[in-house]
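Labels run A, B, C, D and E following the written order; every chain starts at residue 1.
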Amino acid sequence: MTDMPLLPLFILLTSLLASPILFALPERAANLRTSINLGVAAIKVALVAWLGWKVSQGVVYDVRFTVLPGLDFKLQADPLALLFVSLSAILWLITTVYSVGYLESGSHRARFFGFFSLCVAATVGVAMAGNLFTFLIFYELLTLATYPLVIHRGSAEALRAGRIYLIYTLAGGLVLLLGTLGLWIVAGTTDFVPGGILADVAAEQRLVAQMLFVVLVGAVGVKAALFPFHAWLPIAMVAPAPVSALLHAVAVVKAGAFGIMRIVYEIFGIETAQALGMTAPLAALAAITIIFGSLKAITQDDIKKRLAYSTVSQVSYITLGVALASPIAAVGALAHLIHQGLMKITMFMAAGNLAEGLGVKKVSQMNGVGRAMPGTMLAFTAAALAMIGLPPLAGFVSKWYLAQGGLDAGAVWVVALLLGSSLLNAIYFLPMLYRAWFRDGTETEAAPARQRIGWMLAAPPITTALMVLAVGGFANAPFSPLEWTRFVVAIEYQE
Amino acid sequence: MTDPFLILDLLLAGAVIALAVATLTVRDLFAAIVLFIVLGLLSALAWVRLSAPDVALAEAAIGTGVTGALLLKTLHHLRYVAGTLGEQTAHGVTPVTPVPMSVIWANAAFCGLITLGLAIAFLDAPLGGPGFDALVADAIPASGVDHGVTAVLLNFRSYDTLMEVVVLLAAVIAVWQIERGLSEAPSPDLSVIWQGFARLTLPAIVVVGTYLLWKGSEAPGGAFQGGAVLAAVGILLLLSRLYVPRPAHRALARWGFVLGTGVFAGVALLVTGGGRVTFEYPPEHAKTLILLIEGLVTVSIAVTLAALFHGREPVAVRAKEARHDA
Amino acid sequence: MTLTVYLFVVGWPLVMATALLIPQARPILWRMMPLAPLPALLLGLLVSAPQFVTGDWFVLGLTMGLDDVSRLFLIFTSVLWIAASSAARHWMREDPRATWFAVMFLLAMSGNLGLILSKDAMAFYGAFALMSFASYGLVVHTRDAAARKAALLYIVFVVVGELILFSGLVLAATQAGSILLADMRTAELSGLAVALLLVGFGIKLGVMPLHFWLPPAHGAAPVPASAVLSGAMIKAGLFGIMSAVPLGVVAYGDHGTVVMAAGMVTVFAALLLGVQQTSAKPVLGFSSVSQMGIIAIGLGAALMTPGAWVAIMPVLVFLAAHHGLSKGALFLGVGAWAAQTGRVGQIVLTLAFMVPALVLAGLPITSGALGKEALKAALTFGSEVWLPWLTLALTLSGVATTLLMARAIALIWLNPPKAPASKPEALALPFLGLAGLALALPVIWPLLDATMAAPVLDATTGALWPVALGVAIALMVAITAYAQSIGLAEFINMLTAPARNLSERLGNFWAVKRRAARRLGAAVPRTIESYTLQWRLGQTAIAGLIAAVLVIEAASSLRDVRLVTPALRLGLTEQDIGLQTPEVETEIEEREPDAILDEPVE
Amino acid sequence: MTPDLIYGLTGIAVFAIGLTGALCAQDRLRRVLALKLCSLGAGFLLVVAAWREPPAAPDPVPHALVITGIVVMISATAVALALIRRLQSLEAEDDD
Amino acid sequence: MTIDAMTLTLFLPLFGAMAAFVFPRVATGIGLVTVVATCGAVWLLALEVLKAGAVVTPLGGWEAPLGIALRADGLSLAMLAMTSGVGLLVSLGALDALRDLRQRQYFWPLWLLLLTGMNGVYLGTDIFNLYVMIEVIALAAVGLTVLSGTKEALRAGLEYMYASILGALLFLMGVGFVYLHLGRLDFAGLLEAEPSGALSAALALMLVGLLLKTALFPLHFWLPAAHANATAPASALLSGLVVKAALYIFLRLTTYVPLPDEILVALIGALGAGAVLWGGVQALRAERLKLLVAWSTVVQIGLIFIAFARAGQVGLTESWKAAALLILAHGVAKAAMFLAAGRIKDEVGHDIIRDLDRAEVRPTLAQFTFALAAISIIGLPPSLGFIGKWSLMEGAMAAGYWHWVAITMIGTLLSVAYFSRVFAGFLRFDRVRGPVGEHQGWALADVAPLTLAIASISLGLMAAPILSFIELGYALGVTP
């Protein structure tokens, strides 16, 4: 028994209800808006913490009501969901602070924060969806809520980016709808059940099950920026910095990766997926994406684009970990879900600070920025080193587990892949650090846009950088993401 | 054995079809409308032959008479607007791009196919077959009237009839709305003799109409026919300019339009209660109520039809408004 | 008769060389050039060994003959000479010093054949010297600075080598008490004699540290000369050692250790030096050095453990033939490539070039791999202490050779060798022939001498990975080098270019299609719409639809379809549906609770 | 051969003629006429359906329906004609 | 005088219409009160239906074949509820949208008569009565169409009038054939009918008549112009509600009269597919916002017919539910969309899509409303449109009719494409010089469309109750 069975719903509603209020606020009511934003974000963190405590006590949450006969809208708070919910709640709080600072003098703030809030609600919904149908609902909501954020600037370029984003994600969503329908017809349910629901179907109708796998994973693969579907992500970089940060760290891309996880683990079941012969191609695709993304990142001069391609690469670690079908790799994948979020959000906020404070938008302009903005660049450095995978930072932990998992699954190439990818990471991150710290800033001195940034911009990246240090350094501590991940994986692998 | 009437039937049918074709193909619109009126009258004749005098009356009065008047008035207006008032040979009133003959033939071919199909279906159907005859016969005593058609109209299917009056109401509202501020074509110049004729005939027509209404309960005739005949009075009044609507008459006209409907619906509602549902007249008052309704509906119908003929809402027209009322 | 035959075989090139002095005969003689080594080949193929002929009246008594080993040497040497002379015919066509070259070429040929056929020290030495000195003419042929420098180095080494060899032979003859090589082979020679012999022949063999002359000389000589220099002549050193040193009879532990060590060093040091070269032929020269290192390993093992000689000897012969054919092919290949004028020919020849290159590197099943595997097997009879190292070295030599070959191929393209104008296909033919022979060696060899071939045939096919590793390293190096040369960003751009091109092309394709579609999409609906409006097709559709429905209905009534309404299908009656008016006015039945919604709609 | 048969077919023919006219006619007024023909045809059909062999009285219900139909039709006609008048005036104004 | 809820639903708007006509000065007040009261009546009726399943009133006490009975079950009540609910909100929207006194004065009686007609259709069980009702609807609707009085509106209205009359006459001819065959005109008679030539003819005529009135491709020719040129509330009513009446009759009719053949069902679906594709293409081409919305109505009607045909003849027992869901979804969303489009036009001064982004005034709330409605119309979760599309596709997939799934998906993509044109106009700012007065807080006029739009989204989560509700009273072949 729970004393509050609707807790997941409340967590969803906190940001969902905040959104219309934020829409309705007049543009000039900045203080009120800020307090609502921060208040709701804080409440949400508190609620999630409570939920986490409850769930760790073994309380099972299951909120549902019937939408169509046999088809439920269902929220659940299993450990996997909780992992993602906590990530989004915490990062939302931080990003909100950052956005408030970032948009201090911008236009359309009511719209921005309204959709921002909606976007987080959708992410939370994606996390806590108890079946694929509910997942689909929030997945589409996420698309719709992020579109106005992507095109926030309202320029022709932004609109073009938004259109591409919309085409990719809505087409993906449509395919997901098709897949969900197919699943429902074939399996009679769309519930997420550890171990999968398709074992019988896969045994009887192998081809159908395979097609279903391709359709479903392909559909969410669009948001996860899997190789042939990655093109929207770098283009969507026209969005304001907090949006990019959120998009890459928690919301869209992670929703895709999370979807792959749910589909592989809880719709098909890892054994069934393996028996269908679908995990190997998925792993190969992930590998291609990892290398491709890194290679593309090297050639980018625009900081945000470089980071975007880095995301393309890094998110596929998660897919890889899932596809390797090894519990250890799964730990790595899940841990990377969290770790990458922390690292990438740090970097994007730092990049935003560079653009805001110094007008630096290109790698080639980064000379000497370390001295100009030491705090921001320290955070960036920590995240970059973590990305490369230096112990004991966050990235190291997840890569370590992925490599172990690869060996465990008998795929030695994974180790080579990770080494290669880390090398490539180094190739594109180290020059940035080098420029920032060891070159004299000739160009930035001349930049006219130079101005001081407020604490609301400076603090968030430093906070997340500290978290990057913490989750890596104390990876084995109780309640660390890694520990929680192990717990989740034990459930998914039914050990 | 040949029924002598059959020859009449065949002739009549042939004439009807020929007139129908002629109505659509004759080039002059005025002629087309006249042909249509003839067609309507012949149809009414045919329906008399089919023992449907009520229908024939209604068709002759409303379907042909009032409709014909409306059509002619419209044609007059259009020619006035187009500036072709004097030219009797004008073919059309709207500028049109010709439809290719192929399309016309295609349409005709499809319609021929439809005719064929419908004819087969008709021949296949049981003629003189099942109907409401028995039910009506059973129910007539309780209906409060003797004449079948009136019983159906005002009792068994009074709901339909109410809605039919509502249709009229809707039409008059729509027409007022549409024509608001429309400048009028000058009436055809009716000679003094005409006016005198109108003066003489009007009372007679009123008497005929009232009689029809009264007869309706036991013999052919009834509210609609009566109303139509009375409407003819209105039309004559309007045409002869013996009566010119004024803005001040609007309120009265409105009341006139809704009178029948309102009373009809009101009675339908008022009789409820005590286990009776809407429209269920207490048998003892049935005849009275029906007569009341019929009478008032007749007035409404007459006023409405006349108003439909007149068209415009009588308002003080400002020049600007007349031009563009958008 | 037989001595005459032998003398003819050796002397025929000399005759031709003499005839070249007559200008009128030159064209014919040039055309006959490939025929010069032909008698030798026929001798090798037709005569069954062993055979000894003596001509006592020559000098100190001439002894010539053939045994199993020299017969095989004779065959592959003469094949090489045939190929080289065919190539030379075309290579030298326009050369102003063609006659000079031809004379030297024939002299060297004569010497080379002669030393193989010689069975006594004097004849051997004479032929050896003839060959060595005539070769100077070949090396110096172009007369340019590099050639002169190489020739100088060459001649110094030759002179010193001849001196040492002479001392060695004299010492050996003294100790054996006979000038017959066969006697020396069985005598217990002193360590010094053996050492002198080894050094003397070693210079020819090019084993480090006696190799300095070899790569420049091979690089400087014209292509046909390089082919025989590398393919045939350096084998004379091996042949000399095998003929004169009492291998398998006496153990020379120290010598063996030195030779073996030198061999091992040679294998890899040649690699390091070879990759630094900037044109293809010196690289191939270093590859020869490296290959001779392998042979030196075999020799060293035999020197240490005489018992192993029986096993090692056939393998060494095989390796010599293998290397001779492959390397000859490679040198000719460089020439043939250089003669190509078209890109297609170059690419085709590059691909063909890879055949002997891979054979040399030891692709499994080819002679290179078989030889090495056989050598590994034979070495098990030798010192156990060295065995693992030797095996490792031999295996890794595959990697080294692959790298050298890759370097050579790369250099062909990067620094194309020059070639005189001539018919490209005429130069390609000898190359292809040799390459084919090199590839087919494992098949041909048993036909020539089944006994000698046995250990080779018994050998395992060899492993792919050394070659693969070599290729991989080469590729990586190449990529790195390329990346360095064009800059990293550019390089990555290039790497991703296919994807980008594809996406761009797709994008363009789609853009074109989209524009077309947009035009079409704009035009077609407008056209349709205008027709629809003008012809009032919507109106026609009304009639059309009614007609269609009627026709469908008529058709279905003919088809005897059971007509059921959805309501009836579920077996509902009028009463169920509630259409029938019940007796009383308003029907409000009490139904089962489950038909009523659980909760009222808000 | 009975009257109902004759007039029934007549009705169908008039309906079809009207339909053809409604589909083909370009002139606004003519289309109204064509539609009127359709309604006439439908009236024929119902009246015929109500007809019984003479001693028997016809079924009054279809008669009532036809009367209703006639009234409905005149309402529709009136509205259509009003639209035509108004439209023509507007168009004429624009031409000026 | 005890009047049952069903009669009230019918008579309240009728009396309201008369009153509003007679007292033009207070027409607005009368109209609003009437609509609210009608909502109340529908509510009462809903309670009765919830209790009893189906409620039948034989008017005049005459039983069905002779008299006319009114019948309310889940489906008809759902339609009634949609009509009155949407109607109420559109009425509120009309308060602001109709600024001209005369427009207002005529709007109310016409709209209330329209409401009467639609309520009559949803309660009717007699096909001749349905004919009269669709005529009431037609006249009132034409009156509303031309309320703006522009030439375009009049032209469109005339075309609409022709189509309406012709459709009704085809229906009437069908009624004649039904009588010829059965001798009765109530639904129950149809249910008992044995197939015959006359019934087939009747079916053909009535079906096509109804298709013409619902504007199913290729009989849609009158719709876009009519809906695009009417005033905003009129468009909302016409597009959201009026075409649904004929659709409803179509649904009822096909339940009681056997569709002879799979081919006919496939034909209907194919016409729906044509509507989806052609309407989508035309919407992409449309230059004016309201025209685009009107074309999207054509598309949606096509989609409803696809839903109807999604699983063939055998599947009709279930397919009608999908169709009904889509009808409801479209009614609510399209009304919201037209009202929002009207608001945008009012504020910006024009509704040329290409120039929307040049406007310096951006009625944010109306744009937001438009976007919300678009979500439902596109069929994105969790809107009711999504649920409808879901059931459509589910049925088609389960029956193996993949072509309907494909068409639906193409239609969805098309709708994204044409709506994104509009969104780009809303959200682009770089072509405007000077500050944009964007967020102007709440405008009262936006409340009605916004409420409708939010309803269209959130009703999706209530699909299960709605679905079980429309099954009440065995509306269309549902076993208990």
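Following the convention adopted for this analysis, a residue touches a chain if its C-beta (ideal position, glycine included) is under 8 Å from a C-beta of that chain, and two chains touch if they have at least 3 such contacts.
Bear in mind the structure is a predicted one, so any value in this text is a computation, not a measurement.
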Neighbouring chains shared between subunit A and subunit E, ordered by label: C
Innermost chain, where centres are averages of C-alpha coordinates: A
Most distant chain from subunit E, judged by the mean position of its C-alpha atoms: C
Two chains sharing the most C-beta contacts: B-D
Farthest-lying chain, centroid of Cα atoms versus that of subunit B: C
Between subunit B and subunit A, distance of the C-alpha-averaged centres to the nearest whole Å: 72
Distance from subunit D to subunit B - Cα centre to Cα centre, in angstrom: 11
Interchain centroid distance [CA atoms averaged], subunit A/subunit C, Å: 52
Subunit C-subunit E separation of Cα centroids, rounded to whole Å: 80
For subunit C, residues that touch 2 or more chains besides their own: 536-537, 539-540, 542-543, 546, 550, 554, 585-586
Subunit E residues counted as touching two or more neighbouring chains: 4, 57-58, 61, 66, 128, 132, 135, 139, 142-143, 146, 154, 157, 166, 173, 177, 179-180, 183, 197, 200-201, 204-205, 468
Contacts with two or more other chains, residues of subunit D listed in rising order: 15, 19-20, 22-24, 28, 39, 45, 49, 59, 61-62, 65, 68, 72-73, 75-76, 79, 83-84, 86
Interchain contacts, given as pairs of chains that touch: A-C, A-E, B-C, B-D, B-E, C-D, C-E, D-E
Touching residues (chain side subunit E, partner subunit A) in the complex: 364, 368, 375, 380-382, 386-387, 390-391, 393-394, 397-398, 405, 409, 412-413, 416, 420, 424, 427-430, 436, 438-439, 441-442, 460-461, 463-464, 467-468
Contacting residues of subunit C [partner subunit A, same complex]: 488-489, 492-493, 495-496, 499, 503
Subunit B-facing residues of subunit D, complex: 1-10, 12-21, 23-30, 32-34, 36-37, 39-40, 43-45, 47-54, 56-68, 70-79, 81-86, 88-89, 92-93
In the complex, subunit A residues that touch subunit C: 231, 292, 295-296, 298-299, 427
Contacting residues of subunit E [partner subunit B, same complex]: 1-4, 7, 11, 14-15, 17-18, 21-22, 57-62, 65-68, 102, 106, 109-110, 113, 116-117, 120, 126, 128-129, 132-133, 135-136, 139-140, 142-143, 146-150, 154, 157, 173, 177, 179-184, 196-198, 200-201, 204-205
